[in-house]
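One structure coming up, written as structure tokens, with questions to follow.
Each chain gets a letter, A, B and C, in the order it is written, and its residues are counted from 1.
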Amino acid sequence: MIEFRDAVVRYPGAPAAAVDGVSLLCPAAQVTAVVGPNGSGKSTLVRVLLGRQPLASGTLHIDGTDRRQLSQRALARMVAIVPQREEPAFPMTVREYVALGRLPHSGAWRAETPGDRDAVARALTRTGVDDLHSRPTDELSGGEWQRVRVARALAQDARALVLDEPTTFLDVGHEMSLFELAAALARSGMAVLLVSHQLNLVARFADTMVLLQHGRVAAAGAPDAVMSGRVLESVYEWPLVVIRDPASGAPAVVPLRRSPA
Amino acid sequence: MSHSQSTRFAGLVTLAAALAVAGCAPREEPPRAVTDTAAPRPPVDDFRHEAPRGEARRIVSLNPATTELLVALGAAGRLVGRTSWDLYTPAVRRARDLGNGIRPNVEAVLEMRPDLVILYGSEDNVMAARRLREAGVPTLSLKLDRIGQLERAAMLVGAAVGEEDRARTVVDSVHQTLDSVRAAVAGRERPRAFWHVWDSPIITIGRGSFLHELVEIAGGENVYADIPSPSPRVELEDIARRDPAVILAGPVGARRIREEQRWRAVRAVRNGRVLVVDTNLVARPSVRLGEAAVSLARLLHPGSL
Amino acid sequence: MIAHRSWHWPAAIAVLFAVAALGIAFGTVRLGLREVIGGAAGTGDPLHVTIVQALRGPRVLLAALVGAGLAMSGASLQGVLRNGLAEPYLLGVSGGAAVGAVLAYAAGLSGYALLALAAFAGSVTAVGATVLAARAAGHGARGDPRTLLMAGVVVGAFANAAIMIALANAPGNTVRSALWWMMGSASDATWATGAALAATLAVAGGALVAGARDIDALALGDEAAAALGVDVDRAAPRIYLLASLVAAATVAAVGLVGFVGLIVPHLVRAAGIRRHRALLVAAAIVGATLVIAADTVARVALPPAELPLGAVTAILGVPFFLAQLRRFRA
């Protein structure tokens, strides 16, 4: 659904490429997670998807079509992207905010259609924020705000969902519920691309993990394969061990101490 | 159309609209070509509008100089509107105060139902003149800044109110007085004079001012005669450098000069040669010009008159 | 949160017409309903006909258009710059226009049309300089909105210096004329200027309303806007330019009239209108009403003198900023 092939991105004036030959496939009905340390190029890939950063070389295809041939609106109808940070300058109700997700579908003069209202209602229900629909956006907690943002993305009725670091500032409960939502959406057929630094949660929920280091793919595949102590230690430059989490059965990273207690 | 095209289109329409405004807004008429010297052209005022002739009975004078003229022409009784500064006689004060003469309130003027409005001929009042004329009220716009303009102004005002003979008399009388002043001071040494108009910033008179003309007539020499503008700003040091023999100032200004430390830089101040001028008399070039010249000559050349 | 009611719209339009009628009735010469109608129809006392048709009619129209333009411009800029303190003159419009006007006066040019063209040209130049400066400083066509705001401040500072230098040694009446122009006034309104401004607003304002969807998205942030299908690098500059064009046109027509573009969008948002297409249209209606009222106050507050329009609207700034201050603390 979303496919990068040998993608290279260079920021002007930077000595090295931010993304240096990354190939990555995010197919439908799966959760594909992109992980890696800060500066490894994860968010740059999202910026390329958004069209905010051009590819120096390589290709990006959305559902078989070259990204460069898609207008911004066409992209927004196919892929719903939830960027890292967002703060509306002027508060509005949750419902109004989620309704903005219909913008890629609406013309300049069209009023809200029943189809629009349906999409908004479904998005609110799926993310479990129905009862918040008339709350002002500046009165939401961190967890509620994240879900509302995902709701707006869902209102776009796209076939792919991209989440860029969706669990920053969230507590354990909200983190889990967001990952569960991502998994549920993938099960229902969406292609879910998740950029995160939460290795353990990713290992539990993702079907495929892509580990980036300095703009290159250090490892890619099922979590069991990617979560190897040796690889992770070299990428994160920190001593760690990978255990099998007894409760979930998924591989989990345990960082070790460098300085004595 | 695409977004950037719509922006360009909007820009072009705006430019076109701006040009349309240019086409519809008031325009200064170009001076008429001199083609036939035999047929006299009707006289025009300072806005190049044809000067009204007649016997105006309800006059609004928004120019203090012309109000003075009207009083001298015996037409004060026909005044229905004046500026805030026109306070000479009870007859004048009875007329409605219509502001300071700059950008007058057209509605207030029209409310007096005048048959003649005299305006101060500065750019600020072009619009008012236009509106009054469009409403059918004759206007006469005059700037009275130089002694030489007095005769024309007096004759135009006289023609507009049916008092041309009296206007002639007034003008002649002023000229006679000025001539007698010139004669009285002829041959005497001309003291170099500095005229203090304003204090902060210091403003004096250049050769573009009628006060400069008065000083020359009264037998003095303006130290700032080399500057063309009527009211230039000047620096104290420069005044000291030009070293005038006397300083002419109004009562308030004279007191300031005598009291402020910085003015002692000028020799004339140290010598106590600060002469007080009656500012009411010299406020504008009008019927009292003769008196003004006489009073100045008495200051500069005591005993000559 | 407040949601606006559908009766708000006809009510707002009714208030606009009522205020316009009062604007025609009030003035140095007080007109009653019969005199207004007689004046408008041309059948009454010639004095009233002149007052209604030649003096107050064009003024009320021009005031309405200026208010509508400034409000739309302010609302657009607040949305696209994501800042509730943005206003129409932000990108150099006022400084540039003032320089244009002052230079025209100093050069001895005057006459309404030349002044308007000079002011407009000054505005356009200043806005161009602001955008170029921001582009040179930041990266890409959009850059950080803060870069643009900063560039606007720089251009404004330059303009202020130029004005002061030009006026320092200018003769008295030039200074007076320039100052009067800068304080804003609808006193020179004619039907022609109203028509010209109406044409500009129809086109540029119409384009803003047509693109209001993009402002909805841009108000969330550049990345969010891109995610919602907006070509940020094209849409944002387009909106800056259209909003500045509208503002420049109003300045060319009546001089500097502040606070309208800043305050009206807040009033409309407080009434519950948040989507920008409705916001821009509602702001136009409320802005028109406000400036007609301000112009009327300017005419009747201190008869027979007239207050500058910009002075009356500036007084509005006081309660507005007080309210902002209180909200800030809370």
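Heads up, the rule we're going with is that a residue touches a chain if its C-beta (ideal position, glycine included) is under 8 Å from a C-beta of that chain, and two chains touch if they have at least 3 such contacts.
None of these values were measured; they are calculated from a predicted model.
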Open item on the list: Keeping to the contact definition above, tell me which chains border both subunit A and subunit C.
Closed with: none
Open item on the list: Mean of the CA atoms for each chain, then the mean for all of them together: which chain is nearest?
Closed with: C
Task: Chain separated most widely from subunit B, comparing mean CA positions - done: A
Task: For subunit A paired with subunit C, centre-to-centre distance based on mean C-alpha positions, whole Å - done: 43
- [ ] Report, in whole Å, the distance between the mean C-alpha point of subunit A and the mean C-alpha point of subunit B.
- [x] 77
- [ ] Calculate how many whole Å lie between the centre of subunit B and the centre of subunit C, each centre taken as the average of the chain's C-alpha atoms.
- [x] 37
- [ ] Find every residue in subunit C that makes contact with two or more other chains and list them.
- [x] 210-211
- [ ] Sort out for me which residues of subunit C touch subunit A in the complex.
- [x] 1, 3, 78-79, 82-84, 139, 210-213, 216-217, 219-224, 226-232, 269, 274-275
TODO: Spell out the part of subunit C that touches subunit B in their complex, as residue ranges.
DONE: 27-29, 46-47, 50-51, 54-55, 110-114, 116-117, 120, 169, 171-173, 176-177, 180, 187-188, 190, 192-193, 195-197, 199-200, 203-204, 207, 210-211, 234-235, 238, 241-242, 245, 249, 252, 303-306
TODO: Spell out the residues on subunit B that touch subunit C in their complex, using ranges where they run on.
DONE: 3-4, 6-7, 9-11, 13-14, 16-28, 97-99, 102-108, 110-111, 113, 122-124, 126-127, 131, 134-136, 229-231, 233
Task: subunit A residues within the subunit C interface of the complex - done: 12, 47, 50-52, 71-77, 80-93, 96, 100-101, 103-104, 106, 108-109, 134-136, 153, 156
